[in-house]
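The same chain A turns up in both complexes below, where it pairs with chain B and then with chain C.
Up next is the complex of A and B:
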């Protein structure tokens, strides 16, 4: 799920960036530092949308670096248990398949793939129904349900299922 | 979907839902004696237990196709708390069936994904389900080592001056197909593929599902796989490196998802596979670079210094391919029968027994007098190769393995025009999977080598 929230961060800035463009420098450094990172609480920071406030800078002894407390608005993405997500399949093997939804890596076990879908080995491994009408293979888009999540410092892992109504392949670029 | 519209789960009134679950619960508990016992227990345990059973019956609904999205979270909680989930494995320390957080258990399959772990039952289940697939596709598993088996690599700074000429003979990394010598400057390495390796992989891929298993690290393994298999058609994600094994300095089939009775291993180091010797085909080491010879304390000149290479049609890989073909043929003979109980290991032994078939070997002064000759490794090796061993000479003997010409048996052999060879003849047959010409292993050669040194 996406959220638009306000976060705070203490930014350290080198003295060479002081001057007229201080604010721009601060913002571009913030974007570089924060976008694309994860936190267990908020999930993955997708983009910074605005600066709420920049607090008073504090000069550090010895180094001359200045620390600014910056409040910023950003869009974060965090998967939840029970959430329905759309993801792209990255790897298929006999254990099940792996998929990605942006920064989130999801594994769907063979146990949670409908029983009528069978694994087919080969150079393009896939899960196929007995009539061949539905096929899950690399690059496919699937709709799945999250049954567990773990958020690390830089990565988010989920386990998912497609053994439920309205879940499974939604688009197969290979078939199109 | 019609079922969904009929489903009471989707009805707006929560009373309806409770009534429905109650009815379901009663129906479920009547169906078996065991669950009525459960019911009695549930009464004792009170309302909490009852709530759990409500949820359980909710799960049955789900199986019938009456989906419950809102209650799914409770269902998964319920199924884990009642202990129904066996946690066959985990992804990111979460059970991939129920989503519950788990301690680190089972075998890590890092070469597939760094977070995936499977427990033993799941591994055996996967291996079993594979046998049917094998039967259909007529394929076995082949685990291949990289260094000294399929290729030879050296660090650039270890190149001798005599080998500098190689730098101008390297093949472009842009299009690796067809090339055999590559300079990997970003890894400070040069790699030479063994002659015949391309044809070997192509033909073997028709009979085997192939794995790479190397003691090198992961980036090296991936890079070598790219050289051997640029299209990714042979190995796919089945590339196991040192970082992925379960035991340090050892290779083991526990991370290979194939039944041990259907796996063949090709490696130059027998000691790397202490638990799977019967699956192993030992191949003669491929030393192309001088540094590689030094590593194994061989003092002869390397192939690169001699500006030569192994023979393409008669090299070690070509011989091994023949062995693989024979073993594969034996395994899939009479496929109409049930082959799920077949084992490739005795078949490999059978192929090996063809090598010295028809030879009767007598040993002269090879074994210490005190020891039982039957226990000696050389005796056993000769028997594994299909030769018959004897302690006394008679007319049916074909070969005398001796250390010097002076012995009674050796002189007898010369008189009777039998072959007199040194033990290298048996060793060579063992490593090369082929009966060697006896004249290359006469005792004169042994003497000559001795004086040269």
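Up next is the complex of A and C:
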């Protein structure tokens, strides 16, 4: 789910940026530093939308760098366990399939794909029901439920399931 | 973090910080990101190079999964859903997935039916009807 939240960060600024454009410099450095990053707690920072406040700078002893506490609003993407969302299938293999929802990758193991769907190898590997009516392959849109998240310093990785009511393929551009 | 273990969106356990935060539906994110992208286009020749991979992927994703394209419809959807005492998170899940039946809506957002909240099937059905009207007249 996407959220609009306020985050705070201490920005260190080199003295050569002090002057009329201090604020602009601070903001552009902030964007460069945090946009596109990911933390386990807040998820992926997609875009900064505004600056709430820039606090008083504190000169660091010995270096001349100044630290400013900056509060900023941003759009973040944070997946949650139990959340249901839509995703695009990116890779299918005999273990299951990978799907992408924005910046996050979700793996759906074949044990979490309905039992009546069988893996079919070939140049377009896919999972198909025995009557061939439903097919999961690359570029399909699926609705899935996140059942687990793994967080490390710079990445969030999810495990999902489509073995539940109202989950599964919602659209297949290749079949249309 | 012990809070991390307990997390479960189906029961609205998403941490205080996010529960109080403003959630965004995909269509709203799409408006924000496209606006930002246009701004970038004005200052640089090759904006795709300027943005992070996270931004690019998110933009593609929300463009693909936006149920409502025009800003007025987006505003109406939020207005309709906010009449129903939903939390921000529930509101956005419903706005994103656009369930068609009451059963589907409850499967998508199980917390609608918990802790004796005033959501009977009729109220949910009315809400879904209102939503589909917005979609139809967009």
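Going forward, the second predicted complex is superposed on the first by the 174 of 176 C-alpha atoms of A that agree within 3 Å, B and C clash if a C-alpha of one lies under 4 Å from a C-alpha of the other, contacts with A are read in each partner's own complex, and residues count from 1 in each chain.
In the analysis below, a contact is a pair of C-beta atoms (placed from the backbone, for glycine too) under 8 Å apart; a residue touches a chain by one contact, two chains touch by 3 or more.
Keep in mind that what you see is a predicted model, and the values were worked out from it rather than measured.
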Contacts of A:96 with chain B and chain C, given as first, second, both or neither: first
Partner chain(s) touched by A:109 [first = chain B, second = chain C, both, neither]: first
Contacts of A:5 with chain B and chain C, given as first, second, both or neither: second
First (chain B), second (chain C), both or neither touched by A:45: second
Which of chain B and chain C A:165 touches, first, second, both or neither: both
Which of chain B and chain C A:59 touches, first, second, both or neither: neither
First, second, both or neither for A:35, with chain B first and chain C second: second
Chain B versus chain C as contact partner of A:86, first or second or both or neither: second
Dominant toucher of chain A (residue count), chain B or chain C: C
Overlap of chain C and chain B interfaces on chain A (superposed complexes): 81-82, 149, 164-166
Touching residues on chain B, where the partner in the complex is chain A: 1, 4, 62, 65, 67, 69, 72-73, 76, 88-89, 91-101, 109, 112-113, 115-116, 118, 126, 129-130, 133, 137, 209, 232-233, 236-237, 257
Residues of chain A that touch chain C when the two form their complex: 1-5, 35-38, 40, 44-47, 49, 75, 77-78, 80-86, 88, 100-103, 141, 143, 146, 149, 151, 164-166
Contacting residues of chain A [partner chain B, same complex]: 81-82, 91, 93-96, 98, 105, 107-109, 111-112, 119, 121, 123, 125, 145, 147-150, 157-159, 164-166
For the chain C and chain A complex, residues of the former touching the latter: 4, 7-11, 13-14, 17-18, 21-26, 28-29, 32-33, 36, 51-55, 57-58, 61-62, 64-65, 89, 92-93, 96-97, 99, 103-104, 107-108
